[in-house]
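Below you will find the structure I want to go over with you.
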Amino acid sequence: MEELKQAAEVGKVIIIPVGSVEEHGPHLPLCTDSLQPEYVALEVAKKTDSLLASPLKYGVCSTTRIFPGTISISFHSLYRITREVVEEFIRNGFKRFLILSGHADEEQMVALRLAAEHVLWRRREESQKRKIRIMVCTDYDFAYALRGKYFDEKDGHGGTIETSRVMAIRPDLIKGKGKKNFQKIPKFEIVVNPRDFLPEGIIGDPTIASAEKGRFINDYIIKEMVKLIDELKS
Amino acid sequence: MEELKQAAEVGKVIIIPVGSVEEHGPHLPLCTDSLQPEYVALEVAKKTDSLLASPLKYGVCSTTRIFPGTISISFHSLYRITREVVEEFIRNGFKRFLILSGHADEEQMVALRLAAEHVLWRRREESQKRKIRIMVCTDYDFAYALRGKYFDEKDGHGGTIETSRVMAIRPDLIKGKGKKNFQKIPKFEIVVNPRDFLPEGIIGDPTIASAEKGRFINDYIIKEMVKLIDELKS
Amino acid sequence: MEELKQAAEVGKVIIIPVGSVEEHGPHLPLCTDSLQPEYVALEVAKKTDSLLASPLKYGVCSTTRIFPGTISISFHSLYRITREVVEEFIRNGFKRFLILSGHADEEQMVALRLAAEHVLWRRREESQKRKIRIMVCTDYDFAYALRGKYFDEKDGHGGTIETSRVMAIRPDLIKGKGKKNFQKIPKFEIVVNPRDFLPEGIIGDPTIASAEKGRFINDYIIKEMVKLIDELKS
Amino acid sequence: MEELKQAAEVGKVIIIPVGSVEEHGPHLPLCTDSLQPEYVALEVAKKTDSLLASPLKYGVCSTTRIFPGTISISFHSLYRITREVVEEFIRNGFKRFLILSGHADEEQMVALRLAAEHVLWRRREESQKRKIRIMVCTDYDFAYALRGKYFDEKDGHGGTIETSRVMAIRPDLIKGKGKKNFQKIPKFEIVVNPRDFLPEGIIGDPTIASAEKGRFINDYIIKEMVKLIDELKS
Amino acid sequence: MEELKQAAEVGKVIIIPVGSVEEHGPHLPLCTDSLQPEYVALEVAKKTDSLLASPLKYGVCSTTRIFPGTISISFHSLYRITREVVEEFIRNGFKRFLILSGHADEEQMVALRLAAEHVLWRRREESQKRKIRIMVCTDYDFAYALRGKYFDEKDGHGGTIETSRVMAIRPDLIKGKGKKNFQKIPKFEIVVNPRDFLPEGIIGDPTIASAEKGRFINDYIIKEMVKLIDELKS
Amino acid sequence: MEELKQAAEVGKVIIIPVGSVEEHGPHLPLCTDSLQPEYVALEVAKKTDSLLASPLKYGVCSTTRIFPGTISISFHSLYRITREVVEEFIRNGFKRFLILSGHADEEQMVALRLAAEHVLWRRREESQKRKIRIMVCTDYDFAYALRGKYFDEKDGHGGTIETSRVMAIRPDLIKGKGKKNFQKIPKFEIVVNPRDFLPEGIIGDPTIASAEKGRFINDYIIKEMVKLIDELKS
């Protein structure tokens, strides 16, 4: 209680990890998208003396909802709860926020961005004066920057990068290897049942994943996010 | 009334143009994002014997909301009205839809996609059986594919492409030339007042726009969209 | 962008046309209720130097919803979008509004009035001080004043007046003549399927409509609305 | 409990009285609009062997909200509660409803009609089959039919008719006589503070009211409503 | 109108009775939970010179919803209407409130408490300054305090206490005696159909109820509530 | 993914831990109410071969909201997200649920119960047939049963029991000892600022807490909850 009050007074950054409960192929756990940002956020919080908020564990998973294991909440619920949590931290005196989602789906990201934007817009005079600032990102904003150079351009959901990262963080939760799949989901059509495109719920090649690759990716993400926090604090 | 009933029976595609009322620099009209998809939709409807629905004229314009002239509706309102309109067409017997937005902002696009997705998910057995299909795109999904090759990689809101297109469609609505601007909006930070990055509400170089370029771009978009409709009809 | 800013500064009136997509018998187009207020609003805007906002094309059509071609949005959606649009114009500095609906249904009108009222009530001190004023009407508030004297007392939806008006505005969209019908819808009972009362979706006699009558009606409406705008500006 | 079950089985009509808490000039009680429909509903229920539901005591009073004593609920709340109550009665087996409002304001009436309409539309196949029917009216649909012949054409809120009716029902609640006022509220402008038009919250002439007139009006309304119920039962 | 204004000025307490329409066994009327608080509130208002607001007659009755005669509104509707009513009284100048529910169900009570809390929280500076205070209770907070000493510890819904109270208030509405039942509803499981536990919708022993017992209980409740009001006024 | 499918097929119980971020005096961590049910749920899941769902970490904390460190979400958000999560598990084939809240506040508990109830009521035929069952409890339903016998009757929020439990689960998160406080919060008045009653946010005596007591309590709760699960599985 007291610590939090002091943290607000010295202007610490709040990092809010957001995940999802979603299938990631037969080889990865359902909480894959929570494991990753929670791990990254913890490391970044340590390095930057930031505060780690309790994570939001459920996300919006429209594309994979048809697969067993996906527990998708509505866009509106994720938006609301995120907005309420940020507003409560502001009420407690905090001013700088990094919302970090492990689930990179555009609906999830827009729900988070919309929440942040409405917090700022509604109090736009106060925000300007108190210099309230919010960043929203997914660790895949950075991880996917490594595609092309180190990983396949089309690597995606449950592929080399994601599998490697989980191997580095929680190897005990991996079951088998998964199968590689490089089919593409249609870009414009709204697909309710995507099994024709991702029969096992995978895009990319998990068979060539390794813990070492995972550590490399995680370190890169952590380094990039430390920069973001530094900018937020400036 | 009768025509609509018959159109539903023969399985015509419904094209729903969605725009916005938004500043596009001092040289372009506020309805720039409505002009473009309405023009494209009309041409595509003629070529593919599709039906043009009444357009939705207001959109979600968070980024530019601070500029004079932007009339932004909420994410939730755009979502709701889109969903209701599509559901009413389905109730009238239609099965194939193309929702075409002239405003390419991610909040706008997710509102439209979410509406389409909820329509399909809610009736997923019926959708499967009746083969109800919905595509959602912006004409900038195609226009921006021409960047790099024909236009600057960073051309954007109110830039060469957009200005050229309006010059081709409604040259009478252009006022002056605008100024070029290639600053970037921060990627992760939620920016409520973006004037530091786009002082005149422009990204790209409108000064080198021409009606000829606009016709070239519009024709390309129309050609690509005809393909989409053909796929929808198949 | 600049023009809008100046228009707000000199206190121009904003006219917002609201329509519907609704059957009007086999002879009239589905957009009948949009055509009319958009035409009237344009003429009035020219005569009074007012600003024409982008129209809302979809309305609340409960009574005729069962007929093919009616695309009805919910009361709540029309209320919300109208309120948001007016509030955005106020944020842009505008103070005087005329909301003009071509669809005269009481649910539509109450949705529009409720939106206007909530805008004013919520900011009632500011409204008083800045003299924000909003009028809401349908062109049928005036057109039906001509019944009894020039037209049948019971003329209504798709009848002599409405058909004549469309003949004057867009004769190319008329198909055939329609059939006359003077049955009445029950006053107190909520009727979900009104086919017993309006078998072809018409009340009144479209067979005696003419473009000349339409011009007479339209001119009368325009004249009356110019008076309203003059009062709004005073 | 058992009686209600049997009442549903024999198809009794449910009458739901809806009122408001609203100023009616200094001479009439705030519950004027509840007193009247509750009295009428009781008499009609006795004559037609119908069931009287517990009344809804609060209504939507936009026009008079600025006067002391008006406790106005939102359109949405009245809509929701009415819809829920009717749906619960249908779940209990009832099929015929008369919703009777003492407050004749168009927002109140549309909230009630919209509720009824949505109940029927949502279950439109079931409604057709089970012959579920709902009527919505205000006792002023009948009372105002006596204007012109027996009362002033412009008599309204808190005037001769309303004052007379309360004198006949609850003479003990009358305080003084009120003042007559025949100014009109603007037809199109949304008026948040109507004191300029109804300084004491009265339209009409309460000074010539009498209990005898009230009985005459009440009897007329009861007689007309018995006809409605008879039609509902047929 | 004038009286209300003065009552607000001298700081009178508003008592808002809230009931329900709910089965209470075959022997008690459906409005049992409205009768009781309305009677108590009237007596308390007389003794403490408080103002009695129009009652809310419908409540949230999840547990007994499956029985014939229960007309349950949603949690959200009760919350909303209560909040709106209290806010309107505050707008009218009132500062002290007692919300008294005859229906003691926890969902009902939390809906009422939540409404009160949101009213106070939203205006927490104003509340502090104007000393706005709200109490929420059910008359069963007091009546059940007599269990153990005067009545069976497990007496409940439609049992000795409730039946006695109605016998004292409206003996004409009692039909027969009911049957005693002392089964318990499971504490943790959400039970949608509780007929296995309360076959006749009764908990307790109504057969030993008497009007005399009812008067004793009612007097006790009234005495306790007068104390609450005295504290509210202090 | 596959495991979850099989778990659903063999009818495993899903345990959903729900916590809060809330002050608990200066000596306990903000996540006190999450720690406890997550610990208990894990132990119970192991003993009963149940599945542990990802926890909900934020709760409704009205009473203590004014203290630093409380991050309270709205009743509606907790209700919605709980309902959506349970519905998604049902869609995945699960039928038995235990929702376990560490935060025992009545608003929190009613939000959870309401969510469960609406899930069951909406599909009440399906629930009956598929035997879908949901239990909702807080570990304080059991912990407080030990008051009177082993602990002070008035021990509460942040007191002996709660402090002991956290000492047994995460001794590293304890800071100091807290102060004892046995004042009571008013029962009926809605208190927005409860500092007068709990100056340090504590009810009870944390100074006599011990890890040993905590283990005793935790074991008791786990034993009782295993019984609940056994009943759920029967």
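Think of it as A, B, C, D, E and F in the order they're written, each chain with its own count starting at 1.
Here, a residue touches a chain if its C-beta (ideal position, glycine included) is under 8 Å from a C-beta of that chain, and two chains touch if they have at least 3 such contacts.
Just so it is clear, the model here is predicted, and its values are computed rather than measured.
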{"item": "Lowest number of touching-chain links that must be crossed from chain A to chain E", "value": "2"}
{"item": "D-E against A-B, pair bridged by the larger set of C-beta contacts", "value": "D-E"}
{"item": "Centre-to-centre distance between chain E and chain C (centres being mean Cα positions), rounded to whole Å", "value": "48"}
{"item": "Distance from chain F to chain A - Cα centre to Cα centre, in angstrom", "value": "27"}
{"item": "Contacts with two or more other chains, residues of chain B listed in rising order", "value": "76"}
{"item": "Pairwise touch network: line, ring, star, complete, or other", "value": "ring"}
{"item": "Chains in cyclic order, anchored at chain C, direction fixed by chain D", "value": "C, D, E, F, A, B"}
{"item": "Parts of chain C lying in touch with chain B, wherever the complex brings them together", "value": "1-5, 8, 19, 21, 23-26, 30-31, 34, 53-58, 67-74, 76-77, 80-81, 84-85, 88-89, 92-93, 175, 201"}
{"item": "Contact set on chain D toward chain C in their complex", "value": "62, 65, 75-76, 106-107, 109-110, 113-114, 116-117, 120-121, 124, 127-128, 133-137, 141, 187-190, 192-193, 228"}
